[in-house]
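Questions regarding the structure given below will be posed in turn.
Order as written gives the chain letters A, B, C and D; numbering starts at 1 within each chain.
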Amino acid sequence: MQLGIVGLGRMGGNIARRLTKAGHACVVWDRNEGAVNELASEGNTGASDLAGLVKALDAPRVVWVMLPSGAPTEATISELGTLLSAGDIIIDGGNSFYKDDIRRAASLKEKGISYIDVGTSGGVWGLERGYCMMIGGDKAAVDHVDPILATLAPGLGDIPRTPGRDGRDPRVEQGYMHCGPAGSGHFVKMVHNGVEYGLMQAYAEGFDILKHKDSTELPENERFSLDMADIAEVWRRGSVVSSWLLDLSAIALAQNETLSNFSGEVADSGEGRWTVMAAVEEAVSAEVLSAALYSRFRSRQDHTFGEKLLSAMRFQFGGHVEKKSGS
Amino acid sequence: MQLGIVGLGRMGGNIARRLTKAGHACVVWDRNEGAVNELASEGNTGASDLAGLVKALDAPRVVWVMLPSGAPTEATISELGTLLSAGDIIIDGGNSFYKDDIRRAASLKEKGISYIDVGTSGGVWGLERGYCMMIGGDKAAVDHVDPILATLAPGLGDIPRTPGRDGRDPRVEQGYMHCGPAGSGHFVKMVHNGVEYGLMQAYAEGFDILKHKDSTELPENERFSLDMADIAEVWRRGSVVSSWLLDLSAIALAQNETLSNFSGEVADSGEGRWTVMAAVEEAVSAEVLSAALYSRFRSRQDHTFGEKLLSAMRFQFGGHVEKKSGS
Amino acid sequence: MQLGIVGLGRMGGNIARRLTKAGHACVVWDRNEGAVNELASEGNTGASDLAGLVKALDAPRVVWVMLPSGAPTEATISELGTLLSAGDIIIDGGNSFYKDDIRRAASLKEKGISYIDVGTSGGVWGLERGYCMMIGGDKAAVDHVDPILATLAPGLGDIPRTPGRDGRDPRVEQGYMHCGPAGSGHFVKMVHNGVEYGLMQAYAEGFDILKHKDSTELPENERFSLDMADIAEVWRRGSVVSSWLLDLSAIALAQNETLSNFSGEVADSGEGRWTVMAAVEEAVSAEVLSAALYSRFRSRQDHTFGEKLLSAMRFQFGGHVEKKSGS
Amino acid sequence: MQLGIVGLGRMGGNIARRLTKAGHACVVWDRNEGAVNELASEGNTGASDLAGLVKALDAPRVVWVMLPSGAPTEATISELGTLLSAGDIIIDGGNSFYKDDIRRAASLKEKGISYIDVGTSGGVWGLERGYCMMIGGDKAAVDHVDPILATLAPGLGDIPRTPGRDGRDPRVEQGYMHCGPAGSGHFVKMVHNGVEYGLMQAYAEGFDILKHKDSTELPENERFSLDMADIAEVWRRGSVVSSWLLDLSAIALAQNETLSNFSGEVADSGEGRWTVMAAVEEAVSAEVLSAALYSRFRSRQDHTFGEKLLSAMRFQFGGHVEKKSGS
């Protein structure tokens, strides 16, 4: 089927490629003309602006917005709201905050425009592996764009099937799920990322404990010098902790066992933060997901004011003189 | 090759079966005579006591102890120390604390007996999938028992190979690893279990947040009623959080989406606790692994004394009257 | 000076009493007529509605709103915005979210009305001890109401003076502080409550560890049966952990050492949650304040869905059968 | 009464001074001859070695050991065990691990020597304020040394008495407590320090959140530039979070509001670690006390291996290139 795509970065461009390859017709636009030309040379129709993209589509139009969350996505969807007509569909495939989805869907509904939010996982591997998609929106709209979703999804592949799923929605096994009304797709994707932080931190702490087993603070006969790359590899093979993140860790450690090519300053994105806030709003205890987020915050600090206050208190009550700043 | 096996529970019995099937000769003993007879009927040689098992083996003897950690393992290894001779090998395949391994290995070394500790992951799936093994001990002894380890290991299977491992120990890709001296095998397995706790808790918290998204405490237009079984399934397919533990979660949720067949009182075993203690000894921050352990502790409590103290303080400073006990 | 007070609950009523006693003239109103009459009988002027309260005040009018945060406060301040005139001052003494203060102050400023937010700590002890106040708003307005703030504050009392404060704002030593623009008072009070949660949880965990030192899971010669009330008392006297919260704990434990009169279900209010959210917004690691909040969430749950998922995974990979629901 | 004191560092020396001032007779020894001479010049009897100290005492002898925990304390108590006789008493006033106390007490009991462990809080302020003491040992021995304990304790002072303590052990209000058998004194002191870590971290996080409220990552109208020294001061006055640690924070912040004289690398001692291990042994959830300890561990690291692993995973799945090491 026909689809407009706005935003031709790594994700948007690869989505266009995966769709075109499967016979769908993509009309593409990006503020970066070079990206448009590149995709046009690969069999897509390039547009020169957003209005042009809308014009090039047949009604009911479907436009997939694949832009950085926040202002860029907001502005584009707002403008699309004025360019599109009743019956058309906007898909936000980025990483929007789900409350923004709820607000946008309600506002667009007044004009008869449907809004679908698609949380997409798979990263740079998606072009090849397919994208795991969590989708929110009205049933009719989601059903209408099913051919696109089915193409983007990874499909059954060689992943073993879960027993006991007979009678359940078959799309889920293909790697895409209609989660509920607008916002629910990005909500499920948000929690997915929160879980991702937790899983990553669990491995990080485990390898830290393994790595420091050669610490000279330990009794000499209790020290081991362990091979990080081999441990990651052996855990991939029959152990309880095998996972895709462990596969990736094994690749990285095989390349450079000390990981000396990384600084250890770890970025975080909105989803990890929003997951903690969602837990707080729901009064759900989320120790691990919060600790994983905080660990990233701390990784980007030198020494915190709080830590200096600890030293200051220790000096006050015990006369403990700790390492001085700059000394 | 020939192997003595002491302890024919689920793990020990399946290890004997997997070995016998591959042509190894097992002499087996267990204090439960029925278990011995069952294994004997499957082609193994049954012994009537530990001394008998030792006598039935050719020197250099190799005895695999597969008993509950703590007293049962300690007593058996101690007795084997008196029954075996210089050149023989004891393998502890259970879940011993690695400091016990270090002590035992030093003590047995004085008699010329080698001690190997094997941390084994794979649970009830091991008979079929093979066991992921983390091994500590002297090189000569570990090399001597390689035929047994190679048989028990899962092998390459259809798990994709990690690029960049050329020139590295090929056993690791087969699913078993010689980690270092005695104790290092159980140490790596211990941290493996600590990581396992962290991974499990990350999923648990994520699904808790998803589940409570229908809470009546939330604004009505921000509530979603989400399908737990489908979310677990869709995340298995192309997402960043796919793992074997997620596969198992998907199976459990497909069987019973509310998990009403579980009480939520979660047991913990030594390894999770020892991992936290190891982190403390090494001065490594292990927020997530600790939080995962504490969450299990808390799951087995009704209300803690600490929580009552919180209520008591709130009453004292604010006159807050909280739900009374028994009311 | 003259002050209007809206909301005559425990806090509002006591504020009126403390002010009247010091010679200030309070005009009071509450939707509960009985509360108005009671305060009127104690020397305050009662009003029959909000408009009447405003009419009874001389310009520039000052109205202290002391209502539950959220809808009641919002509605009253909104109505006051229509009843008051340029030059008048609204004080929100409740527990509003500081972002609401920022919004309200900006909106009222267009009408020339000043808005002051006062975060108040001291609980039921405030009438006697005075109230610790954290204040946000324009300097001119805060200075104008200084006589009221000075009366409500605890004053120097017999708390030792901190050395090195010469030349600093003397109001702070009296127990009230102009923190910055509108919202900053409630922000500082919010973090105060976040810290309060953390302090309380630190004591709670410590006493839990002391209490469980008689656990039969411990080796018999390592068990102690400790006296909780005496420990709280002795720590009050010369130890590093002495505090007002410990004083209150000692009172509660002296009354009932097992705290059997408390259920252990601990409520939380907005400030603890907002503090965690503020930390996340600022990318500040707040492990302890979050853990303290989560502990309260968990205290109000029976068994969580997440915990059941842990049990379900353990059953799947290890065949571990844990206590069944309802059994 | 007469007392031998071994170890004349800051704590031991001040204890001798406080006792001598009150009329007790101290025989003192330290491997540092200068410290012995200094105390001798202040009215104590100096000994030239441990044997000399023992000889200078009348039976039943009482020896207070005030040395660094671990090897120095262990060696001295071991030697005292050979120098003293049945009926004599050894007091360990240092920071020994309580399981060492249990072991030592049992061993000395065979010789008829009593062992008392005294956990002491109060730091450098103890000479003036008195020492809060938590005491383990047999009743008879503890009663025998009561005159010394009573002198070292702070006494009632001007700390308000807790209502409802009639009929309870009056020593507790004087600031010293007989907690139970040998080891229990150091156990209670150990948990005291664990709580201390938690309290300190709660303040540290709170002030970190306050400090970062001027972050340029926040919307401009939501930023506040707050005065740390004034906030610490105002919280001392009538608020719920007032405490001695807050008093000390206020002093430190009044001296240097940015705490630029501290590096933020925070040491930890055995008690904080042992408290976490005790919680794990008892299966008590201790999130806050653990997080406080881990925060200190992390404060002394540059970037952890675990954090580099997080970056490595992010690069693998998302192509995220984070700040490179050394760049």
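Some notes on this structure:
The rule we apply is simple: a contact is a pair of C-beta atoms (placed from the backbone, for glycine too) under 8 Å apart; a residue touches a chain by one contact, two chains touch by 3 or more.
Chains and their UniProt names: A, B, C, D = Decarboxylating 6-phosphogluconate dehydrogenase.
The model shown is predicted, which means the values in this text are computed figures rather than measured ones.
More than half of the residue-numbered contact pairs at A-C reappear in one of the options C-D, A-D or B-D, namely B-D.
The most distant chain from chain D is A, comparing centres defined as mean Cα coordinates. The mean-CA centres of chain B and chain C are about 46 angstrom from one another, to the nearest whole unit. Rounded to a whole number, the gap between the C-alpha centres of chain A and chain B is 31 angstrom.
Counting only residues that touch two or more partner chains, chain A has 123, 201, 203, 205, 208, 212, 240, 244-245, 251, 281, 283-287, 291, 294-295, 298, 304, 317. Chain B meets chain A in the complex at residues 99, 102, 106, 121-123, 126, 129-134, 153-154, 157-160, 162-165, 168-169, 172-177, 179-181, 183-184, 187-188, 191-199, 201-203, 205-206, 208-210, 212-213, 215, 217-218, 221-222, 224-227, 229-231, 233-247, 250-251, 254-255, 275, 278-279, 281-289, 291-292, 294-295. Remark: chain B residues 10, 123-125, 200-201, 203-205, 207-208, 211-212, 228, 244-245, 248-249, 251-253, 259-267, 287, 291, 295-296, 298-299, 302-320, 322-327 touch chain C in the complex.
Those residues of chain A whose C-beta lies close enough to touch chain C in the complex are 240, 268, 273, 276-277, 280-281, 283-287, 290-291, 293-295, 297-298, 300-301, 304, 317.
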